[in-house]
Amino acid sequence: MDQWVAAAGFVAVAIIVPVSMLVGAKLLAVTAKSSSKLKTMTYECGEEPEGGAWLQFHPRYYLVALIFVLFDIEAVFLFPWALAIEELGGLAIVDMLIFVLVLLLGWGYALRKGALKWQ
Amino acid sequence: MTESLIFFALAAFILLGAVRVVASRDLVHAVLWLAVVLVLTAVMFLMLGAPFLAGVQLLLYTGGVITLMLFGVMLTRRHHEIGVEVDSSRRLPGALGALALFGAMACAIFRTDLPAWPSSAPVSALEIGRAFLTDHLIAFEVLSILLLAAMIGAIVLGRQSDFGDEPETVYRKGGRP
Amino acid sequence: MTRDEAQQRFVALLQERFGVEEIPDDNYPLIDAKHHFELARVLREEFGYRIYSFVVASHYLEKVDAKNDNAVIDIEHYEVATGIRCVGAPAHLASWRVRVELDQSIPTLFPLFAGADWQEREQYDLVGVRFDEHPDLRRLMMPEDWEGHPLRKDYAIETACPPWR
Amino acid sequence: MTPLMHGFVWGLVIATVLVTIAVLSIWFERKFSARMQSRLGPTLVGPAGILQLVADALKMMQKEDLIPEKADSILFRLAPPFTVLFTLSVAAVIPFSENVLAADLDIGVLFMLAVGGLVVFPVWIAGWSSNNKYALLGAMRAVAQGIAYEIPLVLSAMVPVVLAQSMRFSDIISVQAETHWFVIWPLGPGLIAFVIFFICSLAEANRIPFDIPEAESELVAGVTTEYAGMRFGLLQMAEYLHTLIASAVAAAIFFGGWDGPFAPGLHWMVLKTLALFFTIFWIRWSLVRFRSDQLMALCWKYLLPLSLLLVMVAALFVHYCGVGA
Amino acid sequence: MHSVTGVDPHLDIETYDPSADLMVLNLGPQHPSTHGVFRVKLYLDGEIIIKAVPYAGYLHRGVEKLCEELTFVQIIPIVDKNDYVSPMMNEQAIAMACEAMLGIEVPPRALYLRTIFAELQRLASHLLWLGTFGMDLGGALGGGATLFMYCFRERETILGLFEEVTGCRFHYNTHAVGGNRHDITPKFSCDTKTTLEVIEKRLEEYVQIFSSNRIYRARTQGIGVLDGDLANSLGITGPLARASGVDHDLRRDAPYHIYGELDVKVFTESAGDCFARTLVRLNEMYESIRIVREIIDSVPEGPILGMKPGKSPGHIKIDASQGYSCIESPRGELGTYIIGGGKSRGASAYRLKIRSPSLHAASCIPYLFPGHTVSDAVAILGTLDPIMGEVDR
Amino acid sequence: MAVDESQRTYEHPLYQHVERMPGVSVALGSIDQLLTWGSANSLWIFPMATSCCGIEFMAAAASGVDLDRMGSIPRGTPRQCDVMVVAGTITVKMAPRVKKLWEQMPEPKWCVAMGSCAISGDFYRDIYSVIPGIDTFVPVDVYVPGCPPNPEALMHGLLLLQEKIRMVREGTLTREEVRPESPPNLNRPAIGRLQDPERDPLTDEEQTDSAAGLGFGDNLNLAQIRRPRPEPELRPQVDAEPRPQVDAEPRPQVDAELRPQVDAEPQPEVDADEESAP
Amino acid sequence: MTMQTLLLLTSALFCMGIYGVLTRRNAIALLLSVELMINAVTINLVAFSRFGDGVTGQVFAVFTIALTVAEVVVGLAIVILLFRWRREIAIDSANELRH
């Protein structure tokens, strides 16, 4: 547990670094004497953006996220397995092989259906 | 002392996050508040002696679910809808129901004679791996089948939600299919 | 085939099928507006003039004879010159002129040459000639709401545009 | 010294050094790329232009605080510091020598991957909250790329874990010190896993040829399009820190970390890290970028099955030859 | 209509999918990859372009109007600024048009000089294109910038040659109606040969990049396929058309200068994609080097101006005749259509139209973009190589 | 510190607050110098490269001159830039965009007009579609003359700009010192420009409005900006009678007739009243 | 930190989720509330695992997380499909799925 506390100490530093930089910037930042309504307009190559940016994306994007998540689950199960190989030996490998192969079936299906295309 | 202080602070932030999750008008904000709740829960797991679970929570739960949710929001939002309305007619019954449930549960918790809080060493990932591969092997393998089913199901659903035609063919026809 | 032969063939085509009598030396032949599209089609499909080279519209003001009591010699009109070219040697350029009255328009060549889309838009923008059945006759160079056509002869070069001057 | 103080003090030291190296590396990269392009790079500010980055930082601090009117102003402000926070936190578990490390967690590799994987979110928030189309396209690309390459990254990082039968960085390094560096032995899985890990690190840190989220020629400046001043500086610094830390991790889990003859461990670790870091620059200034769908195809079609295979091969190796063979 | 590629440039976006949220993204007018002030409005579905609407005219400087106001002598430095990547080509086009209409004989030495300059300009222009194309593919902060720097290094040496002759790096004003203003020295031919040697050696490296680097090929092959028929129909000439299999080059097919005496090799590719356009331009660079090498030593002695220099800027007069003449610029057929001013105002044109290859090249954007991603759009725009000064004039 | 406030378009609020405290000005002097050094030596460029000068700008960034030597790198977005280098002709269609992009840069910011087109419009000056110099709508700090200026000239311009930044921060810059040889009235631009005291303040407002109104139509919104003005600037398109010769300042060769005669020496056979068509 | 406070926290978290489920009409917001509830359950699983061998509960927590993620995958796919059909994701309109 001590190591985790030490890690917490490190994270505290990781918070301090960006915050201190932002505070420094806050102290030194200038303000414009005269402001224009153009200044805070959204930049789009000098044009007025047509419609907001927060709009709907195409469902194709979702398929990528989906397959990511399912393989993420697999990776999570791999970690405890990876540590137990030496102890459990062949059994562990066969077990995981089945697990992986079943998931690879899904991968093959996704590949054939073109779900992994990103455009 | 320090531990309970941290615990209470954590609990307060988790509850605050949870309130924002269910009350935020902007869905993206709600999702990000859920991310806060999940990350803080990971810290809670650490305090409960489950470091591996904390890692899983961060890697899988936060990384995966939040990504999915963000994509879900981005894919189902039209730009004239900025926020999602909380149905005001349901707010009162909802709050009452939730409060009632909480009251009942709190009552039960206070009345139950809980055993003493055992102090335990953190569970290592190795032990969990051993449990997976011996005691819970069947569940482990069945899970893979379930994930396969989920993947195929979601792909089928996802592809149905696609256009009938690929866009490449649609714009060439110059009209909607 | 040399370029001279191609030119002779073009001249023959004009004289035989489109009834053009006068083929000037230092100028391109003037044909009737109703033949404009047909000539381009024949050249493209029968003679292989496939490259769309240019279209030039010019504006002519009313012409008066100062010595003869300002008698009108010629009224205000446009002239549109078109050039199309054949691929490869001798790369002969077939070009002709069409006179367009101020209130008239000229058929677009867009169905034959996709390039006519932008070229004719440009001529419309700068000179003001209108092209019939053009799919998208908007201004190309000047802002959409600009007044006047800059390359007309009655348009002063330093016409101001507030407030950017 | 209490563990908290230990972590805090080492954190201060390591973070300062890392930030300094990251800042210096920008200067170095500018000089290096200039030399590659037959230019000189910064020369006028300080000796050999070494103070150029100081001037840049001072200038960024003085820039006006500009938040676009249509942006989600809270998230817009929060995103840059969180990018640095998550990136820098990874360094907590990296051992720079036997003694120079902040926290030796028993699930160090998992911590590294989990916290490092979170960086995607502030980057996405940065792009989304700008309410700018270039930024949003960049953000969507960043998330897609980040999550896609997360999988091969995790799997390739698992190869050393399997080989050392531990997720603790110091264990992984000491197994390598006792036998061979994993990049050398076992021959197949170690080297290929390193290559995959390296490619995925490039992709996660958005470096060329995977810098699609901030493709200047298409998306102007990608997710950072609306950012000005120090916030942009933080985003930029996070990117360099990410690259640097990824190099350090690769050096630790594949190249034996502090292991090496003649010199103290710290020297070796720094040397290996900088060598990998340098390689990243080299790649950056020589290659052009992929298109996003090509990038995805590379990941899903090749890297994913290959890295799974490597994990299995490594497991067989451990099973038949034992740890530290 | 023009169903060669099946893309409808005037696609009504409402009929595409009225319910879909298409993202409308502006590329330009100020954008790193538009090579000037050009704006393309993209309708995106995800990252796929459904429709592209280009807008030109952000650099419309009224050159044609100005050419009507000034005399033929005065307009030569003005048209210099049209195609600012190869300024001498503009001068040559105007000068040749005037000469053709006046029937002025240009002395052979001047013709040789013009040919040499034209080919060097072609080389410089293609080098600049290669550099900026690298930027488009690789970004300003990556490998593309390296290619950009290399190409500019080579281009600077060619500009140095021009500076040696004309005293200018950029807008030379070296051509006149009837010949040239500046003569070359023996040192020039010597310098040219060394320069070309260096460039040829370095060109090898660039060819290597395009033939062996898989990312380059993946980004260019099969992208932005331009059909040969469509290219003709749009009036696209030059390397763009030749990459689509149109075997047409004015230097060979309608020779001017001394190209008739040279055996100009014309490179064509059949693919019509970005990669083919790259290859054609790279080959043309080699061919330009070959041509200059071939004639640099055989420049005949003699005068360089075929007519007496006039005392006033109005000394050249063209009557009411009309005429069109053209040259093969690095971007294709660069022509000039002149309607003479007649007896009274013969010193300046009544109407002068510059037929710019870039405008035609830019007009194929609505046909090429749909179906590609934004990244591809940048690559396609890069290979089209439109020069905005020439598009808008 | 003697800072000439009129030269500055921005202020340091917190910093100036500290400055007013007694006894700190000595320490602040060196900090001020440090900050000045920082902003003068890190001039990131926003390339508003429209035409020929844009190519020379690229050449300046390339290996020959290498602007990176002084720490100047081009960035694509105005948000991260300090200097806008306007390289090339700015047309009526482009000007609102330039104005908008200029305004979108955060303070402190500077503008360099590169090339004669950006400075004065060059020989396109009087053409209907060209802006006669960008200083009609953007305050220019440094003019780099040339057509186009050599890359070295641009670098010199940026070095001058560094000098100017230092002088403005120190408060030692006055307008006369920049061009000591020119009397104040010569320094004033030929037509209504930004610093011109006689400039109609309505113009600034209208320029901003038309830049803000981009995107409603395709182009600049003339309907919006053509509010009633004291005198309409749009000339009648057909000049029936000869226009009055009001050119007080020397103009380029193009004069205002419909078919102007631009020859330096008079052409005897030319008569301005003759018909204009051949 | 005692068992009691922990249980109170998780039940509060759970009730938040209930509140969200009852009040939200947006399908994604609904899923978010469900996530909150499952999160509360996971914390409980871990907490109770300390009374046993400490491992089983955590193993089940991992299973829970994995299953939840799979559930979200399918759930969101349905939501997106629904959206493509109906152009809105208010949950009342999904009743038609029954028919």
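Letters are used for the chains, namely A, B, C, D, E, F and G, taken in the order the chains are written, and counting of residues starts over at 1 for each.
One rule holds in what follows: contacts are C-beta pairs under 8 Å (C-beta built on N, C-alpha and C of every residue); 3 or more make two chains touch, one makes a residue touch a chain.
Only a predicted model underlies this, so the values are computations on that prediction, with no experimental measurement involved.
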| item | value |
| --- | --- |
| Partner chains that chain C and chain E have in common | F |
| Pair exhibiting more inter-chain C-beta contacts, A-F or D-E | D-E |
| Furthest chain, CA centroid comparison against chain B | C |
| Geometric centre distance via CA averages, chain F-chain E, whole Å | 30 |
| Centre-of-Cα separation between chain E and chain B, whole angstrom | 58 |
| Chain D and chain G: spacing of chain centres that average the CA atoms, whole Å | 33 |
| Numbers and ranges of chain F residues touching at least 2 other chains | 10, 12, 35, 62-63, 76-77, 79, 93, 96-98, 101, 106-108, 127-129, 218, 254, 259, 274-277 |
| Where chain D touches two or more other chains at once, by residue number | 37-39, 58, 61-66, 105-107, 110-111, 128, 133-134, 140, 143, 147, 150, 154, 167, 216, 220, 225-226, 229, 292-293 |
| Two or more partner chains touched - positions in chain E | 21, 23, 25, 29-32, 45-48, 57, 60, 62, 65-66, 69, 140, 149, 153, 319, 339, 350, 373 |
| Touching residues on chain D, where the partner in the complex is chain B | 72, 75, 105-107, 110-111, 113-115, 117-118, 120-121, 124-125, 128, 140, 143, 147, 150, 154, 167 |
| Chain A to chain E touching residues, read off their complex | 44-47, 49-51, 53, 55-58, 60-61, 119 |
| Chain A to chain B touching residues, read off their complex | 1, 4, 51-52, 54-63, 65-70, 72-77, 79-84, 87-88, 91-92, 95, 98-99, 102-103, 105-106, 109-110, 113, 115 |
| Contact set on chain G toward chain A in their complex | 62, 65-66, 69-70, 72-73, 76-77, 80, 84 |
| Chain E residues within the chain D interface of the complex | 23, 25, 31-33, 47, 134-146, 149-150, 153, 213, 215-216, 218-219, 373-378 |
